[in-house]
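Order of writing sets the chain letters: A, B, C and D. Residues in each chain are counted from 1.
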C-alpha cells in the first residue's frame, strides 16, 4: 500500500488530522493512527474492558482532567497507577496546584520548598495541606476498617474526596477500581506509615489479587492502554496472564528496548510470557505521553461518536 | 503559573488542541505549543526568514506535500536538505512511490529489490525509472553548464521536473534555494558520478558558500526549523555564524545529548559557538518529526490566518 | 583542564583503562571514571553506607554474582530491588537458569513455555520448580509468622535458601536488608497470593518504613548506587528525605529526562525534593548497566585495594 | 546456552573482563563481546579490509590517539569521517587543545570565545591558529593543484602536517585514504571557501567515487566499524553497494530506530538495500562510543596478539 503524503490545511479538525496520519500509515504517523483506531474500537465495544496504566508524571503533567473524564464517562474500566499519580491528584483535590518551571537551580528550589519534576514545580505549602487532609481521611477510614487491600484503601479515599475533578473520586463513584501495587512508595505511603505509628491499621500488599483476577476473568476482552512503563505497566500485563494475556495493547513511552527493562520492552515480548495473546493487536507509540495521549484520545472520541 | 489540565472533547479543532497544550505549558505539551507559536510568528513576520532543514526520512515518511506547500506558499525561505530527501522527492516526481511495510525479512527484501526505511519500502523499479530520468536531466543541464555549485545544480534539476507535487520543482519556481552539502552521499550523487565518468561536468563542493552567506546577510532575522539532525542541522546553524547566529530555532528530534553528537545537542549549545544569538528563542521538541511537524504546522497555519 | 586522549595498548588492566577514562574526563569516559572513583570512595569509607537499587533485568542479565559478591563482602549495605530481580535470583537458587536467545518468534516462545526478556529466555520448567519450592518456603515461614513486613519476609526467605550464589541468601546471612516495595508485582507476589488463598498470612505494605528510616538515620553518609530507575530508584531516594537527602549518587540508565519520568530524571532534580543534599556528589552514566556496572565495580575494586 | 554470570575480581585485565562479557552473552555484555570478537577477527584477517566511520565528537572526545594508532598500525584500511573530526584533529596538530567543561552558561561561553560540545570546550585562540595554519597549507597545495577530490585534498593536507599524533598525517603516510563527503560543513570547508574567494582552486564533490569504488572492489571482504551515524555511516554502507554490501558491520550509537533516521537504523535494514550482504555478521552496540569503542579496541588488541 502506498504512503499517502499528509495534507495540512488551515482550520483542520483533529479528526481530519488523524485521518491524514492514517493514510500515511508509516513511522510515528502510522503508530498514532493505529493506537487511535484501537482505542476507539476498544471503548465502543461493550465486550472489551479498557485497562489504563499510569506511570510517569501524567497527573502533574496536565492529564488529570483527561483521566478524570475517561473515568466519569466510563470509557476506561480499570486503572493501575503509580503512587505518585494518586498523590498528585489528591494534592489538587485538596486545593493545591502544579506550576510551570521558572528555571531555578535545584539547590535554590530546595530552599524554597519547591519540588521539581522536569519543568513542573510543586509547592511545600500544597504538600502541607495534603498531609493534614490525608491524615483526617486515614482516621476516618480507620474508624470503619483495621485492614484493607490497596485497591479498597484507594476506593475509601475516593469516597471522602470533595473535588469532582479528582479521578480518584470519580473512580470511586463509578466503581472503577484503581490498583497501585507500589502505593507505599509515594507521599500517601509515607503519610500512612506515620499514621500507623500510633494507630492500628494494616494495608495488605497481596490483598488485591483476588479482586484483580476477578476483574480479569469477567472481562471478555482486555485492551491495555499503558502510559509510561514501570510497575503499572508490568502489573497490568501480568494480571492478564490468568486468561492467557491481553487481547490488545497500546503503550506510549520514550523508553527503549535494548537494556532489557520492561518499561522499554516491545509489547510483542509480552506474548512469550502469555501476557499478551497470540494474534493480539499491539502498538507502541514512541514519544511523550503528555502530548500523544491527548491526541489519541481526541481522535478516538471523534471516532466513537460516529 | 499554574499548569492547566488539558480538556479533550469531541469535534476539537487543531487550533483548540494546541491552545490546550499551551495552557498546560509543561513537558511535551509546552514544547509543542512553544514551537507552534514560534513558527507562526516567524512565518508572519516579513523581517524573518525561515530556514528549514530536512534530515531523516521526511519525504519518504509522508511530509512531501507539507514541505511542498510551505515552499509554494513561501512560508519557508531556504531549505537545507540531506541528499536522500531530494532523491526521494525525485523518485516520486518520476512516477515512483513509497510503500507501507508488510513485515518481510531484510534478506527477502534484498531479493525482491525493496529497500527498507524503518516500516517504509521502496521498489527497485522506481529507482530504475529514477536513474533513467535523472541521467536525461544531467545531460540537459550539462548542455548549458560545465560546472555548478550544489545549490545551482539542484535549482537546475528543479526547473526540469514535471510534477507540481515536487518540492524541488516548487522551490526552483519560487526562487527558494535548496542547499545539500552532502548531496554526493545519495542516489543523485551516485548517478552524477556515473554521468561524469564520460562527461565533462564538475560539481563544486565549496561553491555555495558565497550565495548562502548572502542569504544569511540579507535576512534581518532567521528562524531555523530543524527536522532531525545530521549535516543539515549543522550546516543550518553554522551558516548563521556569519551574523552572530540564528534569532530563533526549533528542532524536532528523537536524538539525545549525552554522547555529544550535534544531532542530539540542545540548541542552547549553539549559543556558545555564536550559531545562535544570545537571547535567541530556542525550543527542542522530543519526538517523531513525521507526526509532530505536521501538528505544529497545522497549529501554526491557524495562528497565521488569525 | 585539557582532555587527554585515551591510549589503548595490549594487555591493559581494568585499572589502567579506567585511569585513561579519568584523564580524558569528558563525555561517557568522564562519567564512568567519576562513578568508579565515587563507588570506590564510598565502599572504603566506614562512615558511608552504600544503598544499591536494582531495576531492570540485572539478575537475569548476568549481574547475579556481582551483586552476591558485593553483599558477601559487605561492600553494599542495603538493597532496594524490583520483585523480578528477587524472583530471578530464586529461580537460579532452585536450580533453574537463564538462557541466551535463539531468535524465535514470541508466539512460538509462548507455545514452548519460554518467557523472553530482550535476548534472554526463561523456561517454564524452571518456574515450575520455583513455584513448588517457594510454596514450601512460605509454609515454613508461616509456621513462625502470621504477618511480616516485606523486608522481613525477604529475609526469612533468604534464611531458607540453599545456594551460596544467591544474593538473597547472602544478604540474610550478612544482615544486609533487602527492600522490595513492589514485591507483589512478580512471581513471588503471585505465588504468595495463591498461598494466602487458604492460609492465614499477611504481608504488610507499609511495615518496612520504620526499619528503613532507622537504616537511613543510623547512616552517617549515604551513597545511592542506582541500576535502572522505576520504583527502586524512587524508593531509594525518597527514603533519604528523612535526613535531607543522599550525600552521593550514581545512576546507570538508558532512560531519558524529557518526558519527566523519575527513571530518566537527572539526579540533580532530587536536590529540589531534598532527596539529595545540596552539594551532594551526583553522577549519571548513560548506557547499559549490565556492561557498565561490572566495569565500574571492577575499577572500584582495584581502587579500594590500593 | 546458559547465561553465565559475570565474575568481577581485583586486578582484572581487559582480556579477562571481555571474556566474562562473552560468557554472559546477553544484553549489552553480549553485544560488546560480539563486537570485540568481530573487530579482532577482521583486523587479523589479511583478506578483510576494515572501514572506520567517524561521526559525533570522537576526536574532541578523547579518541584521537586510538584512531591514530589504528591507522599507524594499519589496523584500519579506510576512514570515512565527518568534517568536524578532521577539523578537531588539525586544531590539535597546530598546537591547540580540547578542554573539560567548567559548567559555564552558553551565553557566557560565547563572550569568552569558547565553543561547547556537551562537556568539552574549545578555545577561540586555538581556532585562530588553525585558521592561519590551514590557509598556509591551502596555499601550498594550490601551488601544485587547481582541482582535487575531497580525499586527495585531505591526503595533501596530511602530508603537510607536522604532528605524529595527527591521524590525518598518519593516514597520509600510511596510504590509508580518508573520505569526508560533507567536509564543506566544517571549519576546513569555511576556510576553503574564504581561500577560494581570491584563489583559483576547486574541490570536486563527486570526484572521490572512482577511487572509493576501487577501494571497495579490491577488498575481498569489508568490515565496517561505524562510530555514530550521520553521513559517515551512510557513505560507508552505500559505497559497498557496488559489491553487494559489507560482509560484517559494527555500529556504536545512542540513536534509536523508530523515527526511521539512518543514524539509528538497525544494521539489518542495510541488507534490504544490498548495503550489507545476506548472512553478513552485524552487531549494534548501544551506548557512548567514547567509552565503548576504547573498550572494544582494547579487547580486540589482546585477541589479535594471541
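Here, a contact is a pair of C-beta atoms (placed from the backbone, for glycine too) under 8 Å apart; a residue touches a chain by one contact, two chains touch by 3 or more.
Note that the coordinates shown come from a computational prediction; the quantities given were computed from them, not determined experimentally.
Visitor: Shared numbers divided by all numbers used: is that above or below half for subunit B and subunit D, i.e. same or different?
Guide: Same; most numbers are used by both subunit B and subunit D.
Visitor: Need the most distant chain from subunit D, centre defined as the mean of C-alpha atoms.
Guide: A
Visitor: Taking each chain's centre as the mean of its CA atoms, how far is subunit A from subunit D in angstrom?
Guide: One centre to the other, that is 44 Å.
Visitor: Can you compute the centre-to-centre distance for subunit A and subunit C, using the mean CA position of each chain? Integer Å is fine.
Guide: Here the centre of subunit C sits 26 Å away from the centre of subunit A.
Visitor: Would you please write down the residue numbers of subunit D that are in contact with two or more other chains?
Guide: Residues 26-28, 57, 60-61, 118-120, 254, 256, 258-260, 286, 288-290 of subunit D touch two or more partner chains.
Visitor: Under the touch definition given earlier, write down the residues of subunit C that touch subunit B in their complex.
Guide: 26-28, 256, 258-260, 286
Visitor: Looking at the complex, which residues from subunit A come into contact with subunit B?
Guide: 1-15, 17, 20-21, 24-30, 32, 57, 60-66, 69, 97-101, 118-120, 165, 254, 286-292, 294-295, 297-298, 301-302, 305
Visitor: Considering the complex alone, what residue numbers of subunit A touch subunit C?
Guide: 55-57, 60-61, 84, 106-107, 109-110, 114-120, 147, 150, 181-185, 189-190, 192-193, 196-197, 202-210, 228-231, 234-235, 238, 253-265, 268-274, 278-279, 288-290
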